[in-house]
Amino acid sequence: MDMTVSFAGLTLDNPIMTASGTFGYGVEYMRFGDLERLGALVVKGLSLAPRRGNPMPRIAETPAGMLNAIGLQNIGAREFVEKRLPSLPWSRTPVIANLYACAAEEFGDLAAYLAEQPGVAALEVNISCPNVSEGGILFGQDPRLAARVTEAVKRRAGAKPVMVKLTPNVTDIADMARAVQDAGADALSLINTLSGMAVDARTRRPRLANVIGGLSGPAIKPVALRCVWQVCRAVSIPVIGIGGIASAEDVLEFILVGATAVQVGTANFIRPDLAFRLVDELPALCAALGVDSWDTYRGSLKA
Amino acid sequence: MFANACQDVTVRRLTRLGAGGAQGDFFELALDFPGAGDTAWARWRPGQFVMIRPESFGLDPLMGRPFSIARADEEHGVCVCFQVVGRGTAKLAALEPGDRVAMWGPLGNAFAARPGAPTLLLAGGIGIAPFLEYVKRHSSAADLRLVFGHRPPLDCYPFAEMAALAACEAHRETCPEDLHAFIALLGEVIPQYCPDGLILACGPLPFLRTVGRLAGEAGGRAQLSLENRMACGIGACLGCVTEHKEHGPLSVCARGPVFWSDEITL
Amino acid sequence: MDMTVSFAGLTLDNPIMTASGTFGYGVEYMRFGDLERLGALVVKGLSLAPRRGNPMPRIAETPAGMLNAIGLQNIGAREFVEKRLPSLPWSRTPVIANLYACAAEEFGDLAAYLAEQPGVAALEVNISCPNVSEGGILFGQDPRLAARVTEAVKRRAGAKPVMVKLTPNVTDIADMARAVQDAGADALSLINTLSGMAVDARTRRPRLANVIGGLSGPAIKPVALRCVWQVCRAVSIPVIGIGGIASAEDVLEFILVGATAVQVGTANFIRPDLAFRLVDELPALCAALGVDSWDTYRGSLKA
Amino acid sequence: MFANACQDVTVRRLTRLGAGGAQGDFFELALDFPGAGDTAWARWRPGQFVMIRPESFGLDPLMGRPFSIARADEEHGVCVCFQVVGRGTAKLAALEPGDRVAMWGPLGNAFAARPGAPTLLLAGGIGIAPFLEYVKRHSSAADLRLVFGHRPPLDCYPFAEMAALAACEAHRETCPEDLHAFIALLGEVIPQYCPDGLILACGPLPFLRTVGRLAGEAGGRAQLSLENRMACGIGACLGCVTEHKEHGPLSVCARGPVFWSDEITL
């Protein structure tokens, strides 16, 4: 079948993207597969100025998942654009920049800078990073704040599509989704990590220096599917499914509940060529399961 | 053809080192050598590591595990020596010939090698692993000395093989006094290689700190191989960083695992 | 060390209880261990009238966890009191009734009936069951509604301690905890299940007839620890930790972040004697880890 | 002493049944018999089942897996026959002698036995497992007949052993016509046991539905062994219920797995 998916003005060869923060700046994965084979590439969250991130330790393994509190360490938008982006196959494969800021105006400035780069196909706004103490969590947990950021980014993004990435750490994610849609978002991506924590009973210390971190990986897939399902029923803009995807079957599950495309996150750490393998495996699985077009399969859950 | 640096390889051999049990469980694991054509593997250097993830991990534990490459060639396969310390290494210890393992590497930088320069290798426990090949390649060095501190019996480590090739001495710690004596020994030996010799160390963090401090006090520096907990192993997740005095947090997997002691804050 | 814990007027031989819905009415586990060895026993959620629960399928396995949508099937409070409670060792081991209702007054009536039973040591109010469509979810997701239920139960519970069980499916669980504390709760238990979903990509059907269910098991432990930690810092009443506990070390982790006692839930399905094994293993683990009193260990996380 | 019905037992033997591969992977697993002193095990009856959870499950998959007891005594151990259908059974298929397994049981009710009454056993696929012992115990029955429908080759099942003891016939389905023929056969045979004989069936749900319907149409009823997905296996979670016409939802594990076809709604 035709694997192509289109949304928000983007056309992807297949629905498999990589999730922000789990695929570096893309270049790290060139040894493991041909980046052009991916549907799209979402790079590590970028801020206006470089950020040092949180103190160590920053990661901890949990049952079928992991916690991270990287704290948005990144080289800054300019360094990315000048030093990394040129190496990426952006003219063939959409490269999506993930935006992180601590204030609506800052989000706007960042959006303006990134949107004017020919190599950046779309913007994904991280309003939900649970790792940073400077207020990032608030945008994603309050519909009005989320709408404000969305508007700020939209205003400065020119013709570039704006995706807003939602956090599951809210009472009503559909409510957040509607607010962001109404504020002009072209697409939604969800979910970001679940707020979680791990401790060492022996040393009596938290396993993350930041104490609280973001839970990701297969463990959270049921929560992610539920969020995507709820949001797809609440909004009319395209939804990108994220959370625990580790197999081609997982990809289909997210499309079945309504996602237009997906992002592979933590599973990139299961093995660095995993996203490429899923791209390879997906057509055969579709054939085996009688999926013959995305348009008929998407959201076709018999519920 | 595109050479994917992540490969599915099969287990050739798993050999127990030492007697096991209360002394600790140590193994040498030999995996298929991923193709002679793969130039990255033809060029690997001691100090580099591999990420290993057996199929038997399923979805839990999630992440691969990093191990120093002890040796790697067509004849032996890719070999790592490991100690069972948790559930990942416990699952490695249950591997059998023919089992499938995802392996990506060789990863990271490597220890410096300065033929002709007096070279001191300092190993703590299973941190001896990367020095196996180092000694083999550099045993002709005018002055290559390995000082090895360990608690479990010596036969838990690939020590004998190395002792045959270079000046290797092992010091077992069985009580706190032994540790003090070992640190005192380090305090004597390290200055002999400062500032002109090459000092390379691999082992537990407190050991590395001591080495770095002693070298600094003697006006020199050492290369330390760090064992930060890793997720991706390739510089993508930024989960394994160490504080570099000039560049800020650097990923140990991609910019290390070997760093100069005077350039980082441990 | 002395394993005894006391809270809200109850004294338990050890901090290990069983979680509601995962230990039946207690009697089912008599073949697997001596119920008297447990710290306390929380039985399946009870309603005033018997309930048939949700259609099948009701359970699905997920990575290191499971989803359930049992829908509060139960024999009703009266049948429990008359037919099951007499077989339980309630005179030696606290038996805690878990209450489920769809309206505040109904909660009150249920509380009044159960509180007057000598065999019922305490009431645990389930305001957070995510499986039932008749509004159960709302109580636990709105501080005012939660407070109202708490008051309704407290008013009718006489001298029996009232524990309120919180859902993690909220933006701010500390906020909920404060509201419930202020409404008079004697203790809090958390967490209930995370709202989740699973689907079958092949049949295109949800794996639960109810579509959405509650995620539990080791997968959610990081979320549970985080919630307990946040709530313990927000309230002064005792907190009972629940979520993914499957080992004696897990028990200590929850106490380390502030819990007074814990409940073992889904892990009872890993093996039916698991809770008894944890009771056996805990003293040795405490000795090995240098834990010598609950009072000094509880909440001693170095964060 | 308190007899815990959940035991840690070790694997005695794992034997492949049939050739495996594309035909499907079938095994017989023999576990230690949990003590002759345990009266529950001395009294087990065909139709009962055990929950099995190997240590190798770790935390994922989470739940134990239910299997009909194929036989259980000191000599053979507790034996189950299983087909690999997913990741749990795949992990069972990787067990080795000596591996540790948590096992709880015997669980559930059992098939009725009416010595002297004409008894018809209907098995679909691996649903034949509980009848192995049934045939052994009741082969003296005046009229014991087993009709077995299967798709993989016959040697994937413990059929030969049973055929030596009683009137057993096997019907292989390789195309849709075979299935129709098999259903037609059931339609002929079942009425012969209605209303006075005993009809017992175990197999896939559509098969059980057909048996129940045919028995009902012939004015009789059958005992059906259900295979609902289970978590606890002991009536605690209410995850495995079936709809009983009189009592509403009943747990299959504790009130079944065997139910009279006319009393439940499948």
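Order of writing sets the labels: A, B, C and D. Residues in every chain begin at 1.
As a convention for this text, contacts are C-beta pairs under 8 Å (C-beta built on N, C-alpha and C of every residue); 3 or more make two chains touch, one makes a residue touch a chain.
Here the structure is a predicted model, which means the values were calculated and not measured.
Listed by label, the chains touching subunit B and subunit C alike are A, D. Mean C-alpha positions place subunit C and subunit D at a centre distance of 35 Å.
In terms of their C-alpha centroids, the spacing between subunit A and subunit D amounts to 46 Å.
Subunit B and subunit D have CA centres that are 52 Å apart. Distance from the subunit A centre to the subunit C centre is 34 Å, each centre being the mean of its Cα atoms. Each of residues 59-60 in subunit B touches at least two other chains. In subunit A, the residues that reach two or more other chains under the touch definition are 63-65, 217-218.
Chain-to-chain contact here is organised exhaustively, every possible pair of chains being in touch.
Across the interface of their complex, subunit B is touched by residues 63-64 of subunit C.
Here subunit A touches subunit C in the complex through residues 62-65, 67, 141, 169-172, 194-199, 201-206, 211-212, 215, 217-223, 225-226, 229, 244, 249, 252-253, 256-257, 289, 300-303, going by the rule given at the top. Interface of subunit D with subunit C (complex): residues 2-6, 53, 59-64, 102, 104, 228-229, 231-242, 248-249, 254. On subunit D, the positions that touch subunit B within their shared complex are 56, 58-60, 87.
Touching subunit B in their complex are the following residues of subunit A: 21-24, 28-29, 31-34, 44, 52-53, 56-61, 63-66, 68, 70, 73, 217-218, 246, 266, 268-273.
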